[in-house]
Amino acid sequence: MRRSRPISLLKAVVVLLGKDLLIEWRTRARLNALIFFSLATLLLFSFAVGPDTKLLARNAGGYLWLALLFASVLALGESFRVEQENLTLDGLRMAPADARAIFLSKALGNTVLLVGLGALLIPVMIALYGVKVTLGAGPMLGILALGCMAVAAPGTVYSAIANNARARDVLLPLMLFPLIIPALLAAAKATTLVLQGDPMNQLGSWSGLLIGFNLIYWGLGFVLFPRVIED
Amino acid sequence: MSTVLETTTLLAQVGMGRIQGGWEYIWAAYGIAWASLSLYALSLWIRRPIKASRDTKE
Amino acid sequence: MSGLMNAVLQYGSAAAALVVVGLGIRLGRKWAPVDSQMDARPMLVGMSVAALVLLAVGGWLGLVWSPQDREMGDVYRIIYVHVPAMWMAMLTLVLNFACCVSYLLKANWKTDALAEASAEVGLLFGGFGLVLGAIWGRPTWGVYWDWDPRLTAMAIMLVTYTAYMALRRFVEDPDKRAVWSSVVGIISFANLPIVWFSVKWWRSLHQVQSTPKTVDPEMALSLRVNAWAFLILLTLFLLHRYRIALATREAEVALPDALPPDAPASRDGNSTEVA
Amino acid sequence: MEASPAAPPALALHDVSKRYGRYWALARLSYTLPQGRSLLLTGHNGSGKTTLLRLVATAHSPTHGQVEVQGRDTVKERDAVRREVALLSHASFLYEDLTAWQNLMVLARLLGLPSPEDASGELLTKVGLGRRSSSPVRQFSAGMRKRLAIARLLMKAPSLALLDEPFGELDPAGIQDMERIIGELKDSGVTVVLATHLIEQGLSLCEERLHLQEGRAVAA
């Protein structure tokens, strides 16, 4: 007879993350649409601002994060919509999969998705707005990862909540946007510093803020998420 | 008394930026505060549980 | 005004406010529940009168009695309502946070109702406090909104709690609503320090802000009386809103956590609904 | 399972109530299912059968009262209970965008089975989906989904199997297969709780019967 044995939290996260990425890959048409949506957003900023290259270059960091933020709402909303069809989230819970592992895998999956999207957007931003990455690729990717994690952690909790509420498409950004204003602020500032150079050594404080934000919300999500999905 | 007067005139001459007037802003602010408080009290009164026969509100 | 009068106002307003808060807690326990038979009218009238009297005294102190400010002239008088309103908003946010934590530790409809009441009343005080801050900014800085760190942080928190209230509206299942809104309440409150630091740093990179001078000793009395008056108002609002929330909960679920009636046979006979 | 002389009942409901909003889906239900017996749940739509099964499967917690599976409380020892029970419900718990095989593999890995590939392959053959193992579930018919869902249930190797309308959406051959699978489950010592409108099939499979009406137990 097959005998099941409990698996570690880490292993559960790996299994669930693998499952989410597999689904993401098998529905990659949707992923492509997301990429083109965010590219179009970047392009729209240049039209909204006008052909003032100086202005575009100065605000490039902010536009990049706004484009990522808009895309993140779509990606986050989808991450629990796939679990709603056939009540697969119930199936996972009763499997049993640790609810905290579900949180970690979903948040990590969203982070991976957003970082990938950001990695695609940054070269486009460089070309479109005529900026250069003064501090190099390392800090750029670091800020990108920190910023995407900051969006993903509270975004995952809120997505799980909004997915079961009325008007979920409005509710998710309504709850998420004000919450991540500090993260957006810090990420956009840090990106601008990475692009334009950091003569006054401010990058440290902004990344520190992002790290603090991440610690708080990954911690809170880890603790509170089981209460969101368990009944 | 005279020193106060002197200081005031001195300040006025130096052009210490005391903001003059501005009572319309004060009235607007107090008006908004009182209006919002009264309107909220009214909304509580309207939403009061009907079951209770004793209605209690200022 | 004599020193005696000063002391009477200072301690009298504080005592009145604390008594009202105590009464408010008592009424919240005894009178607010739906099945309460308590006649609270005398107490409520007394509390409301105390609020109005203290508000009138505070208004007089702030608008007439207080001297002009050396730099701000008369305009600074706005802070007598603006600052207490912000304090009350902060107080309700703390209360909301406490309720949210408490609900997750031990589910109780009363905590859920108080969380709802505190968020809404907090939005009221924070909302008009913010508008007052903007009005104060016009003659002081020349613009209504100068991205002052305190006001900006408060504005962000207000939007966050508006989303909290929206969530409460959008979830119909009362049990789920209570749990989810508690989670969102905790997450929202945890954001407060981060919002504060981020906005402060963000602003400090531009210019040093001419924030309103912290209150002079001679103006303290007016501010205190107004703050106590607002605390009384806050208590009354919370009490009534809490009672409404309890009644709504009663309509949604069977309070207090009642079991279904225990007579299936008799119910089957006159049951009109066909399964 | 260890059949000690004082073995706890397979399923015990102690004054169980479940409230959705103001509506009591289950009202003060008490029932004990001894070891080695299987239970047929009957009742009209909306009588509380599905709610009861979901409570036992730990999808929900009871509003009042306790549910015990093999002597374990479904709330206090939730993870232990989840290893004992498996639910076949109206919702299939299947990922539409994954293939049948991938669906089973996710569960097998979550369960920590020693050889997930073998287990998945073996079960797909057993429910007659061996040739469609690499088709996405989205292309499956309702009956095939049911088969895959039962494979999912078998994968968990539960000691208490909860079957909510297992015969629904199946053709006559499918119903026979399902009866055979349920029979095998019972033969291997699994306690079965079956909710169905096909009372004949149900009565032939189960020794006990519980009839629900408006969330209460009544004589059938």
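Note that the chains are named A, B, C and D in the order they appear, and that numbering of residues resets to 1 at the start of each chain.
Definition applied: contacts are C-beta pairs under 8 Å (C-beta built on N, C-alpha and C of every residue); 3 or more make two chains touch, one makes a residue touch a chain.
Given the structure is predicted, the values throughout are model-derived calculations rather than measurements.
Taking each chain's centre as the mean of its C-alpha atoms, the one that lies farthest from the centre of subunit A is B.
The centroid of the Cα atoms in subunit B and the matching centroid in subunit C are 18 Å apart. Put simply, the C-alpha centre of subunit A and that of subunit C have 34 angstrom between them. Taking each chain's centre as the mean of its C-alpha atoms, subunit B lies 66 Å from subunit D. Averaged C-alpha coordinates put the centre of subunit C at 49 Å from the centre of subunit D.
Shared interface positions of subunit B, defined as residues touching 2 or more other chains, are absent.
Residue positions of subunit C with contacts to 2 or more other chains are 172, 175.
Looking at which chains touch one another, you get A-C, A-D, B-C, C-D.
Across the interface of their complex, subunit A is touched by residues 104, 156, 159-160, 162-164, 166-167, 170-172, 175-176, 179-180, 182-184, 186-188, 190-191, 194-195, 197-199, 201-202, 205 of subunit C. By the touch criterion given at the top, residues 1-7, 11-12, 15-16, 19, 22-23, 26-27, 82, 85-88, 90-97, 231 of subunit A touch subunit D in their complex.
On subunit D, the positions that touch subunit C within their shared complex are 17, 19-22, 24, 27-28, 44-47, 64, 213-216, 218. Taken together, the subunit C residues at the contact with subunit D in this complex read 172-175, 251-254, 257, 259-260, 262, 264, 267-268, 271, 275.
Those residues of subunit A that touch subunit C in the shared complex are 154, 157-158, 161-162, 164-167, 171, 174-175, 177-179, 181-183, 185-186, 189, 202, 205-206, 209, 212-213, 216-217, 220, 224, 227-228, 231.
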